[in-house]
Structure formats: structure tokens, C-alpha cells
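One chain, chain A, links the two complexes that follow: it is found with chain B in the first and with chain C in the second.
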Partner chain A sequence: MLKDKRADYLTALILGGPFLLIYGALFLWPTIQMVIISFTDAPLIGDGEWVGFKNYIKVLKGRLFSKAVWNTGYFVVLTVIPSTLISLAVAMAVSRLKGWKQALVMAAFFLPYILPVSVVFLTWNWMIDMQYGMIQYVVRLFNDGEAIALTRNLPFFMPTVAVVTIWWTLGFNVLLFIAGLGNISPEIYEAAALDNASRWRQFTRITWPLIWPITALVLTLQLIAQLKIFDQVFLFSLGGRQDATMVLVQYIYKLAFQQNKGGMAATVAVLLFAMIIILSVLQYQLLRSRGKK
Partner chain B sequence: MNHNQTSQSTTKPNHTQRDRFIDIGGLILSLVTIVGAIIWAFPIYWTLITSFKPETEVIVEGISLFPKNFTLEAYTFIWENTNIAGWYLNSFITSSFITFGVIISSAGCAYIISQLNFPGRRLLYILILGSFMVPIQALIVNHFILMAQFKLLNTWAGIILPQLIVPVVVIVYKQFFDAVPKEFKEAAQLDNASHFKILFKIYLPMNWGVTSALAIVTFIGAWNAFLWPFLAATGEATMTVPVGITQVKNSFGIVYARTMASAVLAGLPIAVVYLLFQRRITKAIMLSAGVKG
Partner chain C sequence: MTQHKQNNNDNHSTANQSGINLSNVCKNFGNIKILENISLHINSGEFIVFLGPSGCGKSTLLRMIAGLEDIDEGQIHIGDRRVDQLAPNKRGIAMVFQNYALYPHMTVRQNMSFGLTNIGTDKKEIIRRVDEAASTLEITQLLDRRPAELSGGQRQRVAIGRAIVREPIAFLLDEPLSNLDAALRGRTRIELAQLHQRIKATMVYVTHDQTEAMTLANRIVIMNNRKIEQVGTPMEIYSKPVSRFVAGFIGSPAMNFMPITQFTNKDGKANISIGTTNINTDINVTDLTTDHSLTFGVRPDALSVAENGKGQLSGTVEIVERLGDRTLLHVRLSDNTIIVAEDIGKSRLEPNSAVSLNINLSETHIFDKQGKAYHVS
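Presenting the complex of A and B:
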């Protein structure tokens, strides 16, 4: 019996070994190292002196950090809620359809999601091109016939990147909502139809409360994803005023790879870490308790 | 209730009026949905069309939804003037290794958590569940330091290693392994089969659908990855496709047909994979998000 158990441990170690090794060396260790480095003045490559909380004070007092927090928060607000509402509407519209029509419409909404971010960037950079961009026909309608450089004009930068992001990632949310809508028994709707309940009433009394767990999930997943935003914002800001549109991960990138301040970059990374964990736990608890009522 | 039984196929008389009304409303809704889908997919169409136009036709005022002079000029230019063949190779090799590594290591780890008894089993699972929330993006600094220490920057291994952490795959596998009836394992153990045999001959083949779905989605994720390959590969020789196409953009000047051709080339393999495996992909995405379809 004892021998059996020992053999079990050995198998566990061998089968689980590769994952444990990867997890330990490339996840746990870098995480620990990140915290350690955040208390030193290390450059990107090389050792540094222990400086205590100096980095934290410097970062938290810095103008660029609050700018990055603000921009990231702004981006989250611009993407998470609109995207959730639009994707619920699209999911409801798509799940009404049947057969090939449904497959085709779903593919149209989902296709952008599987594209690499750089393809999304190049596509939209062309769509919003000052001279020949498709979007400028719409912009000119609202701006007395004048085109606007949407990613070079500060007030337009974040909203533009947010719209592009919603376009890119909507399919994922739609997919989750369609699955959720499919799990609502049609009998409930049939009963409501017999009672002559209006569509709006059916939505507020049946669909919305029953889909709420999925809505909470979508909101949480998106919040986490958008707090980590980098790619699109970085690509669209290339050649522009990057500091003004800086987001948190981009700030880490700037400190580490452009200013060679490994310690400071790790400090921002630790703060981002903490923010994401606190916010996502808070949001999840909040949304779950609301769903129970 | 009697009249219902006489003719099941016709609608109930007192509801005919309302049903017809709903049909018209439903028709309008369907129409709006289809128009929305066309608008949503338009940027992709526009990218494709632009890439087949001669540069002189791209910069003509007005919207021409079809190239007047169809040409592959932009593609031959990209093929001859960039290292795209090399980027394809890099992307293909790194994505394949990441997929293989993630699937094998995760299946092994999920198996021991699901089927074996060893101290620390629960703790391990909680650690993996918890790492869901942790932003891998925050680890870029320390991944970079680690890869630099082992002189792996600008190598395939350097691009691959930090991308091997996909804890959600372990979680999905564990759920599926939990659901395999115990009789299979017990019967195999009576035949003195080892745990390796049980995993690779019973558990994995029984969950082939999940494995292929997860593999496809992991591959897409690895192919699309931007931030880490962008940092790990600084030379044109080791870049992946999504990184490469953003790097050469500037050297073209404003030549949109060529830029769009590079975008099409970067997105094409993924689009093809998506069209071939649409259902598996959507299934895997829902599994990863913890939603039953």
C-alpha cells in the first residue's frame, strides 16, 4: 500500500513536472523577482541597490503614473460597458436567426476577434486615414466637411481606439451571450407570449435577469482584459504624443525598455498587479451579490 | 383546447393577428441585423479590396467597392521586399511549439490534480485558479530579464517560453478528466496499466474533441500574440508575422495597397483556420470562459 502511494507521488511529479517547471520558472519566480526588483534601483539588465519604498513614492507622486491610471480607467469606461450592451443586443438579434443566416451573421461579428492586433491596427489606420479613409466621409458630415486626424487629436484618441477595440473584441462577448441565451428555456417566453407581454417587458422581466450571470462574467473578463491594455494604444500612438495617451502597461514598457529603469518599471507592474486583483475581486463580488437579489 | 388538437400546424385563431404583426417586426429586425453584420464585416472586406488595387487607384476620391484593375502587385512587392517568408516560419514554429507545450504540460498537470492523491494537490489547483487574474503583461520586465540571462532573446525559445503559461487549459482539462467514469481507470489498473498509459491511451483520446479545440485556440492565441514577441525579437530575422508587419509599415511611406496586403497576409492563416474549425473554436472559447454552450 505504501509502495503504491510512493509510486503515485512519483507519477504525479513526472506527469505534472513539465507544467510545474514552466509555472515555477516563468510565472512564480518572475512574480517574486518583480516584487524584489521593485524595491531596488536596478536598470533593465543588471543588479541594483536596495532603495526601500523610494520607487513607490516616486511613481505614485509622478505625473505620468496618474496620467496612465487616468487613461487606463478612461479606456475601461469607454470599452467595457458599451461593448457589453452592444454584444447583448447583437447576441439577441443573432439568436433569433436560424440556419445559414445565423452562421453567416455570427461569422461577420466574430471574424475580427480572431485577427492579430496589428492587422486590426493596419485596417483601421487605413479606415481613418485623413485623406482617403472611409471613416472620414462620416467625420466630414459632422465637421463641416473637414477631416479630422482621429489618432493625432487628443480628445479623439481614446474614443477612436475604444471603438476599434469594441469592433475587434465584440465577437467574444457575443459568443458568451448567445450561449447564455440558449440556456434560457423557450417555455418561459411562450408563457409570457400567452400573457401578451410586450417585447420590452419580456426583456426586462425574463432575459435580463436570467442572463445576468453571463453579463457579470463578461463585465469581469473585459475589465481584467482592458486594464492590461497595451497593443492597440501603443500602435496607434506611434509617431504621436505618446505620453499624453499613455496607459499603464505602456508606462511599464517605457520605463523598462526606453529609459532602462528596471526597478521603477517593476514598481508600476506591482501596482498594476494589485489594482487588477483588487478590482476584479471587488467587481465579481459586487456583480454576484446583485445577481442574487 | 379542442380546436388545438384538430390542427396542430395552424396557429391558434385568436393569435393570428398578433403573429402576423410580430412577423413584420421580426422581418425588420432580421434586416437590421443583416445590415449590421455587413457594416461590421466591411473593414475586413475593404482591407482585402484595397490590397488588390494598384496604388494609383487606392488614392482616388470616392468609394469604389471593387478594384477596376485587379492586381497582385502589392503582394509581390511585400513578398520580394520584406522578410515575410522568414516571419511566417518564425510564427509557425513558435506557435506550434507553444501549442504542443501548453497542451502536453497542461494535460499532465490536470491529470494528476484530477486523478492522483498527493499532498499539496488542492493548493496547486488553487494556485492555478488564482493565476487566472494575474496580468502576464505585468511580467514583461522580468521575462525579459530572465530571457536575457539565458541569452534567449532573439531566438525561437525566447519567444516560446514565456507564452507557455496558459493556466486556463489546465482548468478546462481538469473538469473533463473529472467527468471520465472511474470504471475506465479501474479496469486499466487491473491490467497493470501505468498512469502514463491511462492518460495517453484513455483520458486524452476520450477527450479528443476538447484537446483539438484547445489546441486550435492556443495556436491562434500564440500566432496573434503581439507584446511579448515584439519585445523578445528585436531583429527582423526573428520577428513573427504580426510584429513584422508593423515594423516595415513606416519604410513604405503612405502606400496603402501594400500595407493592406501585408495585413491580409498576416491575418490569412488565422482566418483560414477559423473558417475550417469554426465550431471547435467557439466551443473552446466558451470552455475557457467557463460557459456551457
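Presenting the complex of A and C:
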């Protein structure tokens, strides 16, 4: 059917316009602003003088920045791969259930995901409380009957926050994996059973390769999410030595809102932005090419 | 499987080694009976086809032989081993699935070798068997491709190849041609028949397509309503159906059924009336006692146009279907029953013309109220 080209453009403009406008105003423009501010000595509110790369040199040489990069990286290592593997295991178990049992168990795993971080923090803060937290029963088993302040001892801090984060965000990954597993035809497993493939071999030779695209997606989404970690670390470190457990977004927060250094905060934000883009694109491409082999 | 064959001692005939025996097999899903008291012996090397309408339990029965479904009662023997409690891979069978169930991430070669690799077959032996099967099925040039790069017909061959390399005691095929287009289905059917003649393995084949069943089978098992309705060679089933269901299910166009208005049992032969026409048949009805709710059955190819106008049945032609080599006439009889008769390709008849039909009495049947069939003996 032939149609007036101008009518097509008008339709496209009406449908796409609002989104482009909002995207431009709320994302593109601020992003450009952020990059510009990172080259000035602006405070949190108001303009600043152009200082060139001075902010970048200062940030990159700073002790707290490397601490924050290290802590963020450590947190990513503690969460991304374990969370992905646990999600896959849970999804495989849940997808074996049928009917209302599956719905119930799935809901149980998904429930934490809809909780706000403050609720998650308070719940777990009780759970790990030195005096009456249930987690301490387990801790005492391994520590000669002594309780440990898990968020007040540096070696335990990140692992504890990592466990809480995995528990909190597991549901969504499980959902992605269940959808992926549902796409593998049951006939393939029947064929594999007839082909003498043991359960383990069915997992390594059938499930794992076929679920790989979902695994790559989950790993990448996790990487992006965990590089932006802030809330849990901030909340659990309240009242402690916050500089020791500083993560990157928290550092931005500190520079901008506690030290009124808008230019410096923008600099760290630009660096984090670049890091996330480079790492996630690199990881996704790497994982995809691995899957194709 | 090879081992199993070797373990059999010499006084077992080969017939026993790959025959399949089902005795009183039952299957329920919850309270619903899926299969009731299925007993069947499949001979070694036989090509047997399970045929029936959808939902009759034929695929379930095949899956029970494969071990993909449990059985609730009865026993299954493959060769002289009882297998109904064994895992699918211990039964020595190979299966070709309706949707082929190829491993999408593996090449054709990997697909075909997977089963052998799992049991630790020697690498050289795997290569030999895969190459041999590939050349039999003419898919050698496809060995490095993945299933997504193959056409439906090629995937189907790979699925069969995957079964062949395992050298199974028996092949189980679940509607393997149903995803192919008509032309390819016809060709593949012939290739399957050739393959069976060449490797002479026991094949159990499930289909709802009577052409496949008639052309491929040594024997057909007609299933209906959770039970086996009839077991027999294609021609036995076509010419001596045991029930009205079988008579109506096999044959295209279907058998004509006409209500019998009057019935007398004359010295064991049936004399009947269809509408106002009296017919003295040779149908053996010695043990038929009821004389109501009887149906007369005759296939379209047993009805022919009586040129002299003096046939047993007369009516008006409603529809003329010209198929080239023959013509199908849809004829309305005086009692408003519509029957189909076959005429020659160059039939002179047109809609609305009067027609008189001869019945080939040696190919007629009577069905009683329960559907039991009586034939000319």
C-alpha cells in the first residue's frame, strides 16, 4: 500500500517524540552537563571555573578513589558470579515443581526483590544482631561460641552485604532463568536420557550450553547493577568507619553532598560511567562469543 | 545392546532377540485411564504401525515401550528381557521424536555421536558408525552443520541417523513425518521403507496418517478409546475390519454406511433391505441374533455405475469429484442417505442426473449395534 511519506514521518514523530524529549531532557542533557562539570571546580549548586583535567588527576591520585574502586570490584566479585550460579540452581529446582507448588516457591524467592532496601537492611540488621540475631547461632558454631559484629569487622563487611544483596536480588534472576529453561524442549532431555546421558552430563552438555545466552544476560545485568552498589553498603556502614568500606557511588555521594565538591563528584561519576560501559560491553561480547563456539 | 545380543545363547532364535511383547499393560493419569489391558506381540524385524485418532493413546503406548512413561500394570519384554522397570537407556531402543529433538547447539556429527560418547565407545568406532549412517542417509555433507542450518527433511534424516548409530534392538518412531510437507513426506516414506528392508530392524511407528500406515506397515495396530481395536496386515484391516470404527477409519474416501431396514438370517447368510431395495448377501451372520440397529457397509470402490440402469441401488448424483484417474460420485439415495461411489475417470455423469449402482457383494459388511463386523467369509 502506498502512503504519503509525510504522514509516516508525522506518525513517527508523534509516537517517538515524547520519549525522545524526555530521554533527552532527563538523560542525555544531564549526562553532557555532568561531563562538562567534571572539567570545572563547581560546587554542588552553581557554576565553577574551567580547570581542565585537574579534577581527574586529583581523583585518580586520591587514596579514597582507589579504595572505592577496590571495594566496588571486591563486591562485584562476591556477588555477580555467585548470584548467577545460585539463581540457576534455584531456577532448575523450581522448574522441576509443577502447578501451585511451583507458583508458591517462585513467589517465595521473588518476594524479597519487591522489598525496598530500607526494609531489607532492617530485616538483616536484626538477623545479624550480636545479641538476638539468628545468624549469630551459626556464627557461634564456627567461632568457639562467640558472636561477631559482622558489619563492624572489616573482613566480614563486604561478604555480609554480598549475601544480603544476593538474597535480595535473586528472584529476578531466577525468573529469567526459569523462562530460559522453559524454552528448552522436554523432548531434548528425553532424547538425552535415551542417549545414556547421566543427570550431570545432561546439565553440562545440554542445559548449560542451551541456557548460556540467559547466563550471559544475567551476568551482564548483575555486573551493571553491582558496579552501581550504594544503598546497602551505605546503610550497613552507618556508624562505622565509612571510608574503609567506601564504594564508588558512595564516594560520589560523599564528594557532592558532604563536601560540596560538584566538579570532583562529576569526575568520579564520569569515570564510573566509562567503567560500566567498557566492562559490560566487553563482558557481554566475550560471553556471547564464548557461547557461539 | 551389542553386548546384550552376544549374551543370548544360541538356542534363542533371532526372532526372540528383538521382538517386543506387551502383556496386559495399563496406564492411568490420576483417575483417568489412558490405556487399558494392552497385549501385543511385535515380531523381530517387523515394521509395525500404531494407528488411531488423536488422543487414542498410541503415542503414550510408544513412550511406555521407550520408558519415557511408567506403566501402572502389566509387563513389557524386549527380546527376552523384562524392561518395564528399566530406565530408557537400559532398554536398547532408539527413538525418533516428532519434532526430532536434535540438540540445537551441537553439529550433526555431535548429535549423532552423543549417545555413543556417553557410553564410552571407542572414538574410531564412533567415527566409523557415524560416517556409515551418514552415507546411508546421504547426509555426509551436512555433518558439520547445526540443526538450525538444516531443512525439515534433513533434520528428520539426522534424527534417524542418531537412532541408527546406536545399533538398537528396536526403533521407535513417533509421527516422524508429520512435520514435513506433502511431497517430502511421500519421498521420505519410501526411504523409510527401503531403510527397513536394508537394516531389517524392528520398527514401531506411530501415526495418525492411514496412508503412512498402509504403505509402511507389515502389520497395523488400530487403536481407539484406550484399547487396541484390531491388529492385522494392511489388507486384512482394509478388507476385513473387525468393527465399524476400523471400517470407517481406514480407507479414503470412507466406507459408506447405510441403515438396514429389514433383516432376515437365511441359513446363516443375511438377506437385507436398504430402503425399499432387497439384497441377498453372502455375509456370514450365523451368530448374529439381533435384528435391529444393523448397518450395511460398502466401500466406494465396491460400488460401480450400472450402465443398464438395473443396479441394486438408485439415486441422484449430488456432487461429482473428478480426480483424473477416477471420479467420486456423491449420490443421494431415496431414503436421503448420501453415499460415495467410484466411477471411471471419464465419467459421463453430471450433478442431478439419476444413477443406478451395482454393489460388489463380495466386499460388503454388516455391523451390529455394538459395532461388531460381519463379512463375506
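In the analysis below, the second predicted complex is superposed on the first by the 275 of 293 C-alpha atoms of A that agree within 3 Å, B and C clash if a C-alpha of one lies under 4 Å from a C-alpha of the other, contacts with A are read in each partner's own complex, and residues count from 1 in each chain.
Throughout what follows, contacts are C-beta pairs under 8 Å (C-beta built on N, C-alpha and C of every residue); 3 or more make two chains touch, one makes a residue touch a chain.
Bear in mind that the values here come from a model prediction, so they are computed numbers and not experimental data.
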item: Touched partner set for A:205, first chain B, second chain C, both or neither; value: second
item: Touched partner set for A:221, first chain B, second chain C, both or neither; value: first
item: Partner chain in contact with A:134 - chain B first, chain C second, else both or neither; value: first
item: Touch count on chain A, higher of chain B and chain C; value: B
item: Partner chain(s) touched by A:265 [first = chain B, second = chain C, both, neither]; value: first
item: First (chain B), second (chain C), both or neither touched by A:11; value: first
item: Touching partner for A:195 - first (chain B), second (chain C), both, neither; value: second
item: Touched partner set for A:109, first chain B, second chain C, both or neither; value: first
item: First, second, both or neither for A:185, with chain B first and chain C second; value: second
item: Contact residues common to both interfaces of chain A (with chain B and with chain C); value: 196
item: Contacting residues of chain C [partner chain A, same complex]; value: 66, 68, 87-89, 93-95, 97-99, 101-105, 114-115, 118-119, 162, 166
item: Chain B contact footprint on chain A (complex, rising order); value: 5, 8-9, 11-12, 15-20, 22-23, 25-27, 29-31, 33-34, 37, 44-45, 90, 93-94, 96-97, 101, 103-105, 107-112, 114-119, 121-127, 129, 131-132, 134, 137, 167, 170, 172, 175-176, 179-180, 182-183, 196, 214, 217, 221, 224, 227-228, 230-231, 235, 249, 252-253, 256-257, 262, 265-266, 269-270, 272-273, 276-277, 280-281
item: Chain A contact footprint on chain B (complex, rising order); value: 18, 26, 29-30, 32-34, 36-38, 40-44, 46-47, 50, 58-59, 61, 63, 101, 104-106, 108-109, 111-113, 116-118, 124, 127-128, 131, 133-135, 137-146, 148, 161-162, 164-165, 167, 170, 194-196, 199, 220, 223-224, 226-227, 231, 241-243, 245-246, 249, 256, 259-260, 262-263, 266-267, 270-271, 274-275, 278, 281-282, 285-286, 289-293
item: Chain A residues within the chain C interface of the complex; value: 185, 187-188, 190-198, 201, 205-206, 209-210
